[in-house]
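Both of the next two complexes hold chain A, though its partner changes from chain B to chain C.
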Partner chain A sequence: MATEHSRATARLMISPAVLLLLAWMIVPLALTLYFSFLRYNLLMPGMEEWAGFLNYKFFLTDPAFFSAVWKTLELVGGVLIITVVGGILLALLLDQQFWGQGAVRILVIAPFFVMPTVSALVWKNMFMNPVNGLFAYLAKVFGLPPFDFLAQAPMLSIIMIVAWEWLPFATLILLTALQSLDSEQLEAAEMDGASFISRFFYIVLPHLSRAITVVILIQTIFLLSTFAEILVTTNGGPGTATTNLTYLVYVQSLLQFDVGGGSAGGVVAIILANIVAIFLMRMIGKNLDA
Partner chain B sequence: MARAVSTRRKITFTVIAWVIGIAIFFPILWTILTSFKTEGEAIASPPSFLFFDWTLENYTTVQERSNYFLHFWNSVVISLGSTVLGLIIAIPAAWSMAFVPGKRTKDVLMWMLSTKMLPPVGVLIPIYLLFRDAGLLDTRTGLVVVLTLMNLPIIVWMLYTYFREIPGEILEAARMDGAGLREEIIYILTPMAVPGIASTLLLNVILAWNEAFWTLNLTAANAAPLTAFIASYSSPEGLFYAKLSAASTMAIAPILILGWFSQKQLVRGLTFGAVK
Partner chain C sequence: MSAITLKNVTKRFGDVTVIPGIDLSIEDGEFVVFVGPSGCGKSTLLRLIAGLEDVSAGVIDIDGADVTGTAPAKRGLAMVFQSYALYPHMSVAGNIGFPLRMAGESKEAIDKKVRAAAATLNLTDYLHRKPRELSGGQRQRVAIGRAIVREPKGFLFDEPLSNLDAALRVNMRLELSELHAQLKTTMIYVTHDQVEAMTMADKIVVLNRGHIEQVGSPLTLYNKPDNLFVAGFIGSPKMNFLGPTYAKEHGAATVGVRPEHIKISKESGLIKGTAGVAEHLGSDTFVHVHVAPDQMITVRTSGDSVLRHGDTVWLTPDEDRLHRFDAQGKAIR
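What follows is the complex of A and B.
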């Protein structure tokens, strides 16, 4: 029963948010796109000239680019596997009856609230340091040689750190989904003699599929942009062993001052992220109709 | 109906769950403990767990050496400032979309969400250059602006999902009883909307407090919030474990506490209502 008058008011109320977001999206995007076609280095001001697709050519044929795309996939894939599998197991565990459910839940969720720079530095220094870290001490107790995590297995170490940060998120969402499962259905299956394994694969997992998809998509969006953890632990190294696409663009633009090349990289990063985004948007859009 | 669970089964799960819970929490616990040690004890082998001389010296040292409080205050201003500004812009928008939905409301919502999918690194250069030219690099104002825009879609979405649950019939009933628009907003909508607004505020303060892309790239000594300040410990000061721990403990404590209150909103806010 909205009147013409209230519709006009409604439009007026939405417009600040829409206009701001529109500006936030269009202005920088247009500039990135424009810069990506320029030869533009901050160290040589006033020397900008049209470069056509040269930046893209350099960026896309640079071995560092393929390495960075591969590292990005490694990081995203590794973290997703750990957090989804771990999250399902943890959610199943937290869904059981035991003493101190609320307290354990709080312990499990806590890592999500730790800022990335803190968690990366704590893991790097106090756990993974080959001399003074706790893991080195444990290795000594068991008579093993110390392992220099960030030098010998840099990507795996970063995957571990980032997975620790995101495990709570996956767990919390999967637990929420699990709790909406009709327990009578499970009881009926149990009475009919279905084992735990078959109950899990035929009832629980299908029920969780939607939540799992949401976890994967949302985490992917954030994980594609992993930056702080790499900056404070390895600086993308050793060599380029932990340089993902975000970090590569950062190096090119803010450390080498190559605005043109960095922008071309940025455009590539946007395209890759959009491929994931399309799937996520479809999922959420469907939910909006329901 | 809850199933009767045998005591043995319950004990087993209690043990497993607590062991795993403490293992996951351990890095945080260890950081807190280390912050009360001396530097010598912090790297002692074997490590001391509880039986060491507890000291507060690291906390005072961190403040004296690096003006910790300035960075803490930056974090407060930036996270609260960007969230409040975001709410001011988002409340009217979410309000009208929830109560006066038009044909294009859904499209607008989806489009807002899509801006969130833009990887920050894709617009790093233009924002950096625009900020440089506008004199906004390393200022709190600059970061408030960026984080407001970054989180605006989440704020609008969260508010929208909350507002949508306020039944429209209540408004009609109030109108029948002769309430004007002003009374409607003050006496009916606001009290019903406050919980939703509060949880949106909470979650977005957390997100802004921990944001570590723009804060690292757009600040230096003056406007650096805690995320960027702690990053300066990456080397070689990070080797002073006790001080690193003290700085870290203070940086995460407020958000850890806020976070525990916002567990439920977290799911809803970060999945844009797709999982409730």
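What follows is the complex of A and C.
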């Protein structure tokens, strides 16, 4: 009886927190849904009227939409490939014994603490700038014409910036996973005649599969909503070369003042993110069982 | 089939010398056990032979060929680890076949050899399971299977039974001895458990702080220990060491006598004492007798002994079975 009572009391006690969190989530979602069915333009206050699915129709038939979906996937995929492969290599390197190990590990993790806006601006103005940037300087040293990264390869540049920010996260997770590998397994494989490469593919990589899954899942969630880096570097351009879904929603609602259309885009983005999440869980989520 | 010879093998970790120089020869087909207290360097010595650690000085020969600088895989030795070190994401068949796969053998050949090894180890029904679905004893057998498929020149065992429960350990001990009789391959076995050493070994190497204290057959070590360390380490319960007064009468600094070589009586004898705790094992009883405030002697007596705690008893050591040691702890023969 005592446990029944204490359980009921416990539920009562946590209910304010749960309700608050629920409201925090439900209210914006409900408002977004509501706005998405309205003709709601900030330039015409007081003129809101029911629009049905018109906003969705306009958003989904906009050629910019398909381009934005494609750009979003390009960005997420590119960053994932760079961070997972680079993260594994860096983790293997940092797992070795060397002088100054502690300091190096902290330095490697440091980029994660830099705000996205700041790091994107640093990359834009100090590295990629065709006049003053470090890369331009290096190109000149070798007698090559400087490369205007953000104009000539805008998506690749954004991918590089975002990958630079997320590489420490991937490295950190993969390094801890690597350190939990039983060294006797590696020694057994060595005795069994496995070369360094075979040991990596047969022992280390399978051991890391769960950590890699975690990295991919978490990063995908955050990368789908990449925004700050695009805003401060390319503004979605040139043209729509770097306009992803998040940026398109921003353009729609805050540059064209079309709150209704922007909300519809937001809802579409939520649905697409969920589709991606379901596919991801199907594909690699089984690694998390057991 | 191989003889292994160590010549002045030394191992240092930084400034710490773990093994100050060991000479040892292991004959072809022998079952050799390295035994000693923890931290005596026995596992390090095994890893040196395996090639998992590099020697600081000295030479290791296998079949007359110098393998001191050879990679572990090229030495032709197989090792069974204390944690079994099975590959968790591979099935039993995958684990056992891994060395063959690394050697680039064909699928059919691997399958045939894996099945043969599984049959000898009673693992045929488990070939498709993952290691985590197996019991401790089965995992142990998989680890052994992975070692035997390679048909190595020698086996190295690093405390392979220490993670098993007592009953299983006795079983696996028998199975390992059986396996050695079948394969007739050189085996080196590391343990801190002197019962394992006594029951399985052709030759025991007793190690203490990186030194070899004595090498010999189990019974040689038991009956003729070279020094106090071996005398105290081999045998369970431990040998009793009697004080200087009694030892002087026999011309030694210390005299040792095993529990089974002391007669216990309630009427008369050489040493008077008080019976303490009696451990009844059924076949035998071990009585711990207090002969002085800080000295206790363990005596083995028959299983139906009726001595009670606090009884006054008399002990008489068997004069012919005394072990005499000089002031340096060396045996006097």
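Here is the rule we use: the second predicted complex is superposed on the first by the 271 of 290 C-alpha atoms of A that agree within 3 Å, B and C clash if a C-alpha of one lies under 4 Å from a C-alpha of the other, contacts with A are read in each partner's own complex, and residues count from 1 in each chain.
One rule holds in what follows: contacts are C-beta pairs under 8 Å (C-beta built on N, C-alpha and C of every residue); 3 or more make two chains touch, one makes a residue touch a chain.
Keep in mind that what you see is a predicted model, and the values were worked out from it rather than measured.
Novice: Following the overlay on chain A, give me a clash-or-fit verdict for chain B and chain C.
Specialist: fit
Novice: Could you tell me if A:F127 is touching chain B, chain C, both of them or neither one (first, second, both, neither)?
Specialist: A:F127 contacts chain B only, not chain C.
Novice: Please work out whether A:S263 is in contact with chain B alone, chain C alone, both, or neither, and reply first, second, both or neither.
Specialist: So A:S263 only meets chain B here.
Novice: Between chain B and chain C, whom does A:A64 touch in the aligned arrangement: first, second, both, or neither?
Specialist: Touch partners of A:A64: none, neither chain B nor chain C.
Novice: In the superposed model, does chain B or chain C contact more residues of chain A?
Specialist: It is B that touches the greater number of chain A residues.
Novice: Can you pull out the angle centred on chain A between the C-alpha centres of chain B and chain C, to the nearest 10°?
Specialist: The angle comes out at 80 degrees.
Novice: Looking at A:F113 after the superposition, I want to know if it touches chain B, chain C, both of them or none. Which is it: first, second, both, neither?
Specialist: first
Novice: For A:A151, decide between first (touching chain B), second (touching chain C), both and neither.
Specialist: In the superposition, A:A151 contacts neither chain B nor chain C.
Novice: Can A:I212 be said to touch chain B (first), chain C (second), both, or neither?
Specialist: neither
Novice: Touch test for A:L94: chain B only (first), chain C only (second), both, or neither?
Specialist: In the superposed model, A:L94 contacts chain B only, not chain C.
Novice: Check the residue A:I203 against both partner chains and state whether it touches chain B (first), chain C (second), both, or neither.
Specialist: The second partner, chain C, only.
Novice: Taking the superposition as given, does A:A194 touch the first partner, chain B, the second, chain C, both, or neither?
Specialist: second
Novice: Shortest C-alpha to C-alpha distance from chain B to chain C once the two structures are superposed, in angstrom?
Specialist: 6
Novice: Using the superposition described at the top, list the residues of chain A that contact chain B and also contact chain C.
Specialist: On chain A, the overlap between the chain B and chain C contacts is residues 187.
Novice: Under the definition above, what is the set of chain B residues touching chain A in their complex?
Specialist: It comes out as residues 1-3, 5, 10, 13-14, 16-18, 20-22, 24-25, 27-28, 30-31, 34, 43, 45-47, 89-90, 92-93, 95-97, 99-100, 102, 106, 108-110, 112-130, 149, 152-153, 156, 172, 206, 209-210, 212-213, 216-217, 226-228, 230-231, 233-234, 238-239, 241, 244-245, 248, 251-252, 255-256, 258-260, 263, 266-267, 270-276.
Novice: Provide the residue numbers of chain C that touch chain A in the complex, in ascending order.
Specialist: 50, 52, 71-73, 77-79, 81-83, 85-89, 98-99, 102-103, 146, 150
Novice: In their complex, what parts of chain A are in touch with chain B?
Specialist: Contacts found on chain A: 1-2, 6-7, 9-11, 13-14, 16-18, 20-21, 24-25, 27-29, 31-32, 35, 90, 93-94, 96-101, 103-119, 121-127, 132, 134, 137, 140, 164, 167-169, 172-173, 176-177, 183, 187, 210-211, 214, 218, 221, 224-225, 227-228, 231-233, 245-246, 249-250, 253-254, 259, 262-263, 265-267, 269-270, 273-274, 276-277, 280-281, 283-285, 287-288.
Novice: Across the complex, what residues on chain A touch chain C?
Specialist: 182, 184-185, 187-195, 198, 202-203, 206-207, 209
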